[in-house]
Structure formats: structure tokens, C-alpha cells
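For clarity, chains are labelled A, B and C in written order, and residue numbers in each chain start from 1.
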């Protein structure tokens, strides 16, 4: 049984959008983004980078100082929030504490003057979709964090929005539950085909779920691309540094970056550099070594395939890598 | 050997805490108990131990036209004050918490100022301005005066609720398609309601018990109960005063309980 | 709520009448068509009951007017705040000390004479003496009330209150707020010093009366006597005499040999009153023998009108002959009020603790 219908999704376009608060702090600085219809798009960056403000401008909570916002080909910059027809999931879930689960989910339908029997049908379907059947009459305070999260999701999706906005929706969940919800959310998004804009500061989460990621820093977009592209080919030093571990090589005119897993630990004869192991962190599926070579530290990740070749602190090792794996960064 | 039971050691701190609470409770309730004894005692003066039990003072209270008229007037005024101060105080609190008004701190202090001023001065000042502006002393003037004193209570409780208010909840409603007006009635109002009405209960009681502000503003045959009681006391200090006090206390209690039932003051917001 | 309408409507009428008066001086006849309202102050309690039940309705009928009687204190401050040309009260009824406060600010007239109020011709001299502004319509005698069942010698003199046996069982007043207390203080000056104005002697004597139970209202003193918390205390005669017949209590009143202090019920007219004739008529009415008799016997006040004949039991106790009236000592409130702040500070210090 299809519980949610496949939705008509819409593309989103931010055009040279700038937003400052109190006339001073520039939160979003000349940002242009093209988000395709049906795409899982993440805005990734540290806190204060402008990702949430960008999302809030798409939702309509904030008015850009300059620039335009388009959704589905329409300029919606001046359309008030309640007419934008979007779904949104907040970090704090923002459920209505004075209403039951069913009433929470029904809210958006009620605002759209959907008939009562129709509301009942769709609420039941939505709750079934997020596996909350039977909890209709509970108040939000009586639910666990994961259940509240699901109510928030059902509430946002039941109106079949063109766009689903998620502001760090999994931030409050514990690690295990978070991972499970990542899968569920991704799966749901794919099935519904809804355009999903996902704000997060967690690079792993962004890499795992997104079709594309925009990495933001200080109100600007540093790089937009697929997760592999962002990871493998970071364009700027900030992106390289923010996503995963990185070795920054600053021996030439431009800084260059090399991922730890691209460094091989080899016998001295094949080595580019010779060094000593300072620490070896066992990560389960891999070991992360910190190697001192020529007075500076390198990170090298060695995946355990088959036989392990343990090295301990103090061991002499050689380091080798392919030049093609070194990425030149914009300075 | 069996597991030894965890014997609760004598906890001095806990006992002292309990004792202090009982003491405070006794301190709060003792005056009411004394009033009750006085109200039921047949002698027309406070005597202890009481010489008997009688309802004659209650009968006298309910049979005296002045008392009844002033009781109804006080209730009527308090009800109006409740409604007015809830509307005004609630609106003020929203404007102060949400309005991005310049000089917010000053405005808040301004609206709270009736609490700072001795009420007798407020009453006198209003009396003077009413007379000078030719308004006289109509009942609505008295209601406005009480409202002035009562608004800060509503303002304070509402601001407290608004302070802890998660505005994302309103945003969630608006993104789901609720216009600002609907957001207010569907979300904001229900959520701040307990704070507003807690203030409203204060407002009712402040008005019902109000003496200093009423003192100058009541007109002959239009005195509120506290003023009538005060003047009665100057000439006839008998059990009818105590009976009136008991009735007032019970009425105030009834109002609080009814409002609690209707609105559920502690439903989901802890004050 | 039905009770509120008459007032607001009347308030509206009054306001509009005022506006009309201001707007159209040329057409006073319109105003005459309306029922005049006389605004007075009056006491509550038994006095107020008689006034509302009998005295005022009869006056209203006689003069085709309405009387708005304010029983809610404080009268003088309210009058003070209201505009002089439209005073809150036409007739102010207070004790003498407050009239002296009011006359300083020009809130009431200096004297009421037989010219304005014919019945003034028939009052005892004290009622219009130089110690009175306005006219006194009744007086009480301030003396000593005592229990008859507590095995004490009935007092004869003011000095008997200092009897060591009465320590802690004698009663007085918070002097700053009660005129009986103020009278008592002056009397102490007379008994123990050179006269009513000998404050030093009075302070010394007051010191000797400690420990003493203090109250703010006379009504409280009555109850203290009734509950025997006070065995002997300063009080006015009517506060004791009213417990007679079916209400009999073991208390009695003593008029000390040195004389009793006068507690006058004074009426006076606000100079700015818009119904001055009616105000004078009201005072004249209150001095009429029949009205005087009704109220005197109702609350045990001594009538000011010489021509009043009371029933025997009242006649026996109240000040109804020139000889008895001669025992009244009238305090000089003008003198006292001028020093009140100093006296208050001093007695508060003495009676503290």
C-alpha cells in the first residue's frame, strides 16, 4: 500500500542572496544555489556559517536583504511563509505541546480546509508510514525523542509539500537512533521524490545522505558538489579541513591536500618520506597512524584487509602516495 | 547471611526542612483559623477560648443590605478587572516580548510601575484627576483603577511564559499554512493561556481585596466590600467582620478553583 | 448588576449638569427643573442606620431633594482634593479636630450662625464656642470606662487610671490617629501640670501609664472592655451607655471629677457648595428637637439643642442641663493641630515597646 503519494517536487534557486542581522553581522553573503527537483541537498558547515539562515530564507522566516528566492520557477521572495506550501522539520521538532499526535499531524491539513474524513484518512496513513499507529491520542511530552521526530516528519509530509526543509532534524537523537533515522529519511525521500534541503554540521551525515552538498563558511558557499567530489576533490582549504581528516602539504606555492587513506605505509626503500610512528589509533575497520617525518606530523589511515600489519609507537615506517591523489587547493 | 536492609539513617536536614515547612504553613493558616473562630463565636468581641458556636454573624452578614450590595459590586468589579487586565496585560506582554519595541526595558518598568507606587497614592492621584477632569467617580473609573493595579500581575506571569516560549512552534504552524492570525489563536494563545490566566486570577483577587485604591474612588452607596468592612469596623467591631472575611476567602478560593478547572492552570506549563 | 446603574447615571447627570452650568449661564431655569442633590458625610454604625432609615428620607421628602451620604473615610482628604468651586461634600460631618484641619485650607466655613441656621439660637454655648468651627450638633463626654465585675474601685478621678493595679489592664489610644487619645493627653497636662497645654507634664504622666493597651478606634476600646482585656480605659460615654437593657454588659462609665473632655459632632458647610441654602437647611434640620431626640436616644449622644427633652433614662446620664454641660472641657484643636507632628513623634517614642 502506498501511504504517501509520490510528490510533485520543485527546484529551488537562491540568487545572490544576502542577509545581515542588526545591520552588522552578515549571516549570508551573496549566496547562489541551484537545487534540483527531487534532490537530497545538504547545507553543511560549522555553526554560524549561514546554513540555517539560508534555509530560513527558503522557508520565508527571514527576508533577504537582497537577492531572490525561486521555487518551482516562481519568485517566492515576497510570498509569506504560510503560503509557500513547504514542509519543515525542526531540530527541537517544535511539536504543538497542547495537541495530540493526531492533531499535530492533522494541523497542516486543517489549515488547508481538507474535509474531516479525508484528514482522518491521511493522518492515519501518515502515522502508519512513520510507524506510530496507536499513539494518536498521546501528547508529545509522552513520546520518546525518536517518536517525536517521526511525528514531526509525518506532520511535515502529510501536506505533500513540494519541498521538505530539515534543520538539523537528527541533532537531538543518540548515535544509534540517528543512524537508523538517516536511513529512514533517505529512503522516504527517495520514495516520495520530494526535494529535501537538509541543514547539518555533521559532515558524516551529509556525506552519507546527500545527493549534493553545499559547504558553507562565514556566510559564503565554499563548494557545491556530490559527496565523493566534496571529499575527494575539496576545492578550498576550508572544505578539505572541514570534511574528514586531511594532511595539508604547504611546500609549494599553493597549499595541497592529501587524505590519510591515500598514504601508504611502506618499507624504507619505497618511501618518499621516512618517519616514526607517534601514535596508532585502532578504529575497528582501520587504524589511524600519526607519523612524524622530518619534524612534521602526517596522518595515515590503513584499512585492515585480510591480515593486519600492526605497527606500534616508535616503529620506523616509510610513507608513500601517488601524486594524482594530491589535491591542489585555492589559497 | 541475608542481605542487610538499608536502614534509613535519621536525616537532620530533611527533618528540619519538613519542620520549617510545617511552621510556614501554620504561619500562613493561623490568621484564617483565628478569623474562623471569631466568626463562629457568639460574643461580639474576640474572646479566647470561644464560648460557643453560632452562625449569627454569617446570618447578619448575609442579611445586611450594605454588605450584600458591596459584595456583589466587588465581585462584579473583580470580574470586569479580570477580563480587562487579561486582555490588556496579555497584549502588553506580547508586544513587549515580541514587538522589537525601542526602550523595551523602560516600557516594561513603566507598565510594572503601579506595583511600585503605594496604592494609596495611586488612588488619591486618580481621584484627583477624575474630579479635575469632571469624570466624577463612576464605577468604570473604579474598574479602570483596579485594572491599572492588576495589569502588572498578568504582565509578569505572561512574560514569564513567553520567556520560555519556543518560537519554533509558531514557525512550525505558519510553515504548515497557518496565517499569523491563526498562528496566534491556534498556537500562541493556547500556550500562553496558563500564564495569562494565572495572572488573571491574581488580578481578580487583587481587585476583590483592593482597599487603598478603592478608598477614594468609591461613591456613597457604591462602596466595595473592603471599604464597607473598614468603615463598619470603626463603629461595630463584631463577628460580622470575621464572617465577611470568611466569605471573601471562600469566594476567592472558589474563583481560583473554578478557573483552574476551566483552564487547567497547571496543564502543561510550569510557572 | 443592577445596583451600579443609579450611581453611574447620577454621576453622569451631575457631570452633565456641571457642564450645562458652565456652558449656559443664561438659562438657570433648566437646572432648577432637576432634583438637587445634597452631598454630606455621616457616620456608619447605629447612627448611620438611623440616618438612612429615618432622618435622611424625611429630609429628602421635606426638601424635594436627594441626599448622597458618604460613610467612607477619610472625609477631609477627599474634600481637600476635590475642586473648591465644586466640592465633593456640601456638608462635612466630623469630630471637631478634623474641622479645624479643614478650616485652615478654607474647605469649610469659620462659623455657622443663627442667621443661616435659625436653630443655632437654641444651642448650648459650647456648640458655637471659639473652640468650634461650624456648629456642634451633639457631644459625647470623654471619661473613663471600667469593668464592674473585676473587683476594682470605681474610678472618680482621671488619676485613678494610673493605679498600679491596672498595669497592663488599662486602655488608651494610638495618639497620632485617635482624637480621644489626643484629648486624654491634653487632660494629663491639666491634671498633672499647669493646664491642657502643659505638654511636658502630659508626657511625664503618659510615661507613668505604661504598660497600657493601645487601640486605634473607639470601637476597639469598647470591645476590649467587653472582653475584659481592658479593665479601665479612656472612652466616650456613648461607647459604654449603649450596652444597656437587653445588651447589658458589666461595664460602666465615670465622669471624672476634674471634668470630661468634649467629643463634639460638628457640622459645617463647604464655602464652594452649589446648594448652600440646602446645606444650611440640613444643619437646621439636624438641630431640630425631634431629630435631636431621635438620634440622641438612638446612640447616646448629648444633644446640643437646649430645648430637647429626652426620656428619663437618657436624661439621667447625658449632658442635658446647663450644669452638666458646664463640666465639658473643650480642647483647643487649633493649638493642638499646629503642634501635632512634634507631639506624634514624642508620644510614639514614649509609648514604643
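By definition in this document, contacts are C-beta pairs under 8 Å (C-beta built on N, C-alpha and C of every residue); 3 or more make two chains touch, one makes a residue touch a chain.
A quick note: this is a predicted structure, and the numbers were derived from the prediction, not measured.
Peer 1: Using the mean of all protein Cα atoms as the middle point, what chain has its own Cα mean nearest that point?
Peer 2: Answer by centroid distance: B.
Peer 1: Write down the pair of chains with the top C-beta contact pair count.
Peer 2: B-C
Peer 1: Which chain's centre, taken as the mean of its Cα atoms, is farthest from the centre of subunit C?
Peer 2: If we average the C-alpha coordinates per chain, A ends up farthest from subunit C.
Peer 1: Cα centroid separation between subunit A and subunit C, in whole Å?
Peer 2: Spacing between the chain centres: roughly 87 Å.
Peer 1: Between subunit B and subunit C, what's the gap in Å when you average each chain's C-alpha atoms?
Peer 2: 37
Peer 1: Approximately how many whole Å separate the CA-defined centres of subunit A and subunit B?
Peer 2: Those two chain centres are 52 Å apart.
Peer 1: What residues in subunit C touch two or more of the other chains?
Peer 2: none
Peer 1: Write out the stretch or stretches of subunit B touching subunit C in their complex.
Peer 2: 43-47, 69, 72-73, 76, 124, 127-128, 131-132, 134-140, 215-216, 218-223, 227-228, 230-238
Peer 1: So in the complex, the part of subunit C that touches subunit B is made up of which residues?
Peer 2: 1, 3-4, 6-8, 11-12, 14-15, 18-19, 39, 43-48, 68-74, 77-78, 81-83, 86, 88, 217, 219-220, 222-224, 226-227
Peer 1: Touching residues of subunit B toward subunit A in the complex: what are they?
Peer 2: Interface residues on the subunit B side: 166, 168-169, 171-180, 182-183, 186-187, 190-191, 267-268.
Peer 1: Help me check something: in the complex, which residues belonging to subunit A touch subunit B?
Peer 2: 59-61, 80-88, 90, 92, 94-98, 107-108, 111-112, 139, 141, 155-156, 159, 165
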